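Per-chain residue numbering starts at 1, and chain names A, B, C, D and E are given in the order in which the chains are listed.
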């Protein structure tokens, strides 16, 4: 099978802290892949290495076979890697619409000259992408708030916009960092539905970080487990559920059902 | 049928194109045109003095829009506008007075060269943030002025250079009115450019860089090139303003471009409203006319209290500070915000529903 | 060599006063993330008040100083109450602009009260210069240096060992969250402004004794900006080290380079140094950078 | 101990968010406040702790009473903290540039008993050993969950009479969630600290609470003893995610139509 | 476009600039730019007072041959932009017929517009550049130019120096004012065998100048010419005293005056300076008017200083130009002609007599020298000019 992402022996250090310690795994094209582990295990750091915000001290990260280590973050985005952040990182003063349009930055072309003149191509382009953005709005059911500044939205909706912005990019690989944090069950179900839909309809590969084990076990094709920066497990949900080390560090005895 | 665009009561947009127009409501468009017309006819009614003031306002507005692109929209505080005005002014002075080029060639070149210099001084923005960057731009101000006043061979040193008003064919822009029109048209073009810029890709990227640069990066925005670009675009307009000002006063001299000028421009965009094109214009008008207004006030005061004369200029300084402070305290959104409130009021008038 | 030593000594003394004025900036920055561009006017007012008390009211120098400090503390409190408090939730740049407005307001007031002429302090420190070999130092310089060093130590200790330090930094980080801790943002601001203003007054009195007082003294506020940035906006030791570095380099540049370029370099040199240092250390020598985690 | 009576809250002078909310926290009890995104839970807490003002909010009607004494709407948050109400804010809001230890110190800002602060800090480290390991690190660099622990720890350092917790489980790994809630319960028992906890994770919240409120759209739509809430069908399905058919699979939710919120 | 700017269209309302008051008096509007609060405010303030005082005095006497002068002026804080703004207001709003200016930079900046607008401009800047009638056809200089002052000093040095090869340093500020005479002085000095060994730039508002003084000391010049205003001059003298420098300092006119002593104290002892105008305490015929005016205000000559006299005299020269144009409509052009017809105007000793003509707008090149003795300026020469 095609590996869209390969992580080989990645280590990352902050002063004395080993945030990642010799981590290796691979993600198949078109699957839902989950990263789990206790707090501070290095999950977000892992995503940061993939999107280029952190630079591993060691190892190799290959995207579609190409080594992307040392590549600037914005270039990786151009390759088709999108990301929704754990701590919401929306542009608070902008409307939902503009946030989503920013998601399409790399798909658009107009520059400072043509944009400023707003004639012909540049204008057409704006309209074309507006249409595409509206699709995302429909998909995530954000219709009513499209002109609202995201800063005033409640947490849960902001999370949805955050995911929407990554989605608008039409990426090959989408990294979701705890997209369901701060949601109640019904809302989680909805988010799960969105994730499944985009995975299926848009054929995206999804990397998911989530603490709700129910969600993780149900949705994932494969799971990697981190603890103190070390990878302590890798496999299908079934395998993970029965991995004793994982149970001890993360799941807890009674949870295994 | 679903119609999501319930933006303004009574006006339904039926296509994205319509929803995205600069003036989404016909009435607003009409008002904009009326306003333009009004300013076009203005010199017919106003005295030369008033036209001269309006010209200064237009020039300041071009510069303020430029600064707002950098500081208001992209979030990079610049205390170096004064010097960039100087670069624009001197470029045009050298090109026209020394090299004998036409003003019409020199003007855009002044913009471009200032853009290049601005971009150059924008390079530190790669690593510097916030106030650290602000001080770096202050350094740019000090260093540029130092170079200007020392490079006597090119710039005439501290005594400056003399310029001419532009002319086209046989027509000379010597009169107050003609130069006003020139500046006004350039201001209108600048305004449209800026408004358009911020509803398209590049402008949005600037805003993203201002609000959250890490997230902007992950959207695929090359921070460095956009920051430098913001410096360059901003400086372009500041340079144009500098050139216009130079040909208006017909002199360039280092003293014209001091730190106080930089601060005045910052005051313009703050009083006007950060990140608002229209606010920049209002702010420019306000800050340009404030000393004039205070002058009138002083004339009045001194006619009542003739012996106060000595205190007057100091008093003026005091009042200037006070006005700025009151503004920030009572209308942090700036003039643009006040303007919007007035507009909203009239939109619903006479039926507030 | 003598020339060099003379420049060095001058640089150190001037640098120590820079450090003191820079300290005022750092304090305000630590509490509110903003620059107080009216700091120079605080210095100026301190200098004038003390001068007036001595010359017009014939007060003893030490009494005059105490009253001056009290006055400036009050000034700081007033400024905080009237200007800063309404801007509590405003963006940093608005606060900075407000301090620019304040500078103009205070400057205007000073001009109205004291006019524009240079005034000099009566001889308080002995006039005869002290000679160390060929190096000449006026006693004022020496005294300034001693006083400044003493104050810097006091402040460093104060912020290291009082609860105030943490509260201030918390407020600068996140006002809302600080409030939720029960930290009174208002009193943190009030105390900081009072202290910053008092520090400025000390600077003003010393400078006044060295050079005399006129409105241009307020420029010290601008001169010291590179110092603050060089040391790092949030660092007290940074202000001190930065003060000495800039003081000395400026003095040396004035001595050796100015004659080559026809003067004026002295004012430019600090900025050049700062840009160079910032390119290597973007938050100054001791400043803590913005922390951004994703 | 705390009584919120019919309050209305408006943001930016225009947006009405709370439409007559009432609730009570009895002394020494844990009360849970549940509800969907945007229901107004955080707003309620901010109204109590006085933090509304900083966000352009305003109480326009109703009142809040603490220990029999009305809290005036104009009083500053810091004096409310001094009265003994401490809110641990949503979204962690740790002081990024302060170290973990300094953050904890900041939490103890209003306390007079400086001597016992050291002890209490040890206690926090005992509850959250991870924090001790990273105590000299700048809080802004911590992982999401570590920051969350710190935010809760900071609240405990204040030793308030009433602790308001806004989504303490957010981003915390399941094992730790249990531990944290266990600790909250313990503190409540041992020190008699009253606690009002806002949670999305209704399961754990109700597992330690004595009483619960459910809020939708700015109104309390249901309240009751925990046992009675747990037995309510709609609560079970919508908030606890337990349906009649037993545990469902998230894979299958696609088949579900989007469920409507409980509409009373 | 290399064509010379054509004159501006006449400001609208070509009405007679000399209007009449209800009482039937003729009034001429004269504009003024003062520096009260700027870098040169120390000397600018008394100068402005002097100008205003003279106008008030002459008006109280029924005006210049019955013409009342309406003096409209404001502080521009030595800021060119502000000067530009105020100039436009004076021209367009007040329709003034002539202007009393101040700084070198702004005067030079405005000279082309002044020419276009046909407004005679009598500045307190004595920059030699303003003598050039092709560049500045409407500018008039009321005292000896800075360059002439410098040349006069060089002459004095050559005459009075004991020993061989006098050496000279130049201390000035980095403004158009400060630099104005520097090249001329250097040229003249080298022609006359005085070696310029050092130049130091010292800011107008400097309150310390240690490095510059130390640098100068290394060249150990016999003389140093200061082109500053009082503040910086006093700073220089004080630094020199501290460092024990024995150079003889000589100031141009703006570096001379009572203010230097006030600030520098005994550091000013022995300092010399150029006098373009008289001290109030000199016994001179022209002082009677001043005294009369002051008396009417309940003041005495003790309340004013030499810069006041300078302002007074400048206004008086302008008034003389108006007098010569009394029969005309008192437009700018008329007053220009009026000033150009001033010949050997006796100023009662307050300044050297001045003469203007169509091809000479520099009133005089005569100066005196004075020295500070026992805390007081004492003139040590009579009026003299550059020996050519």
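Here is the rule we use: a contact is a pair of C-beta atoms (placed from the backbone, for glycine too) under 8 Å apart; a residue touches a chain by one contact, two chains touch by 3 or more.
Keep in mind that this is a model prediction, so the values were computed, not measured.
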Point to revise | Other chains in touch with both subunit B and subunit C | key: A, E
Practice item. Provide the labels of all chains in contact with subunit A and in contact with subunit E. Key: B, C
Practice item. List the centre-to-centre spacing of subunit B and subunit E in whole Å, with centres computed as mean CA coordinates. Key: 37
Study note, to complete from the structure: Distance between the CA centroids of subunit A and subunit B (whole Å) is 41
Revision key, fill the gap. Between the Cα centroids of subunit A and subunit C the separation in whole angstrom comes to 48
Review point. Could you state the distance in Å from the CA-based centre of subunit C to that of subunit D?
Key: 44
Point to revise | Shared-contact residues (touching 2 or more other chains) in subunit A | key: 44, 53, 85-87, 89
Point to revise | Contacts with two or more other chains, residues of subunit C listed in rising order | key: 111, 115, 262, 264, 267, 292-294
Review point. What are the residue numbers in subunit E that touch two or more other chains?
Key: 36-37, 45, 174
Exercise for review: Throw together a list of every chain pair that touches.
Suggested key: A-B, A-C, A-D, B-C, B-E, C-D, C-E
Revision key, fill the gap. Listed in rising order, the residues of subunit C that touch subunit D in the complex are 88-89, 163, 166-167, 169-170, 172-186, 234, 288, 291-293
**Study point:** Touch list for subunit A against partner subunit C, complex
**Key:** 44, 48, 53, 85-87, 89
**Study point:** Of subunit E, residues touching subunit C in the complex
**Key:** 36-37, 39, 41-42, 45, 174, 198-203, 205, 207-208, 210-212, 214-215, 218, 230-231, 234-235, 242-244, 259, 262-263, 265
Point to revise | Residue ranges of subunit A in contact with subunit B within the complex | key: 51, 53, 72-74, 77-78, 82-83, 85, 89-94, 98, 101-103, 105-106, 108-112, 115-118, 122-123, 125-127, 130-131, 134, 143, 146-147, 165, 169
Check your understanding: In their shared complex, at which residues does subunit C touch subunit B?
Key -> 29, 35, 83, 86-87, 90-94, 96-98, 100-112, 115, 222, 225-226, 229, 233, 261-262, 264-265, 267-268, 271-272, 274-275, 278-279, 282-284, 287, 290, 292, 294
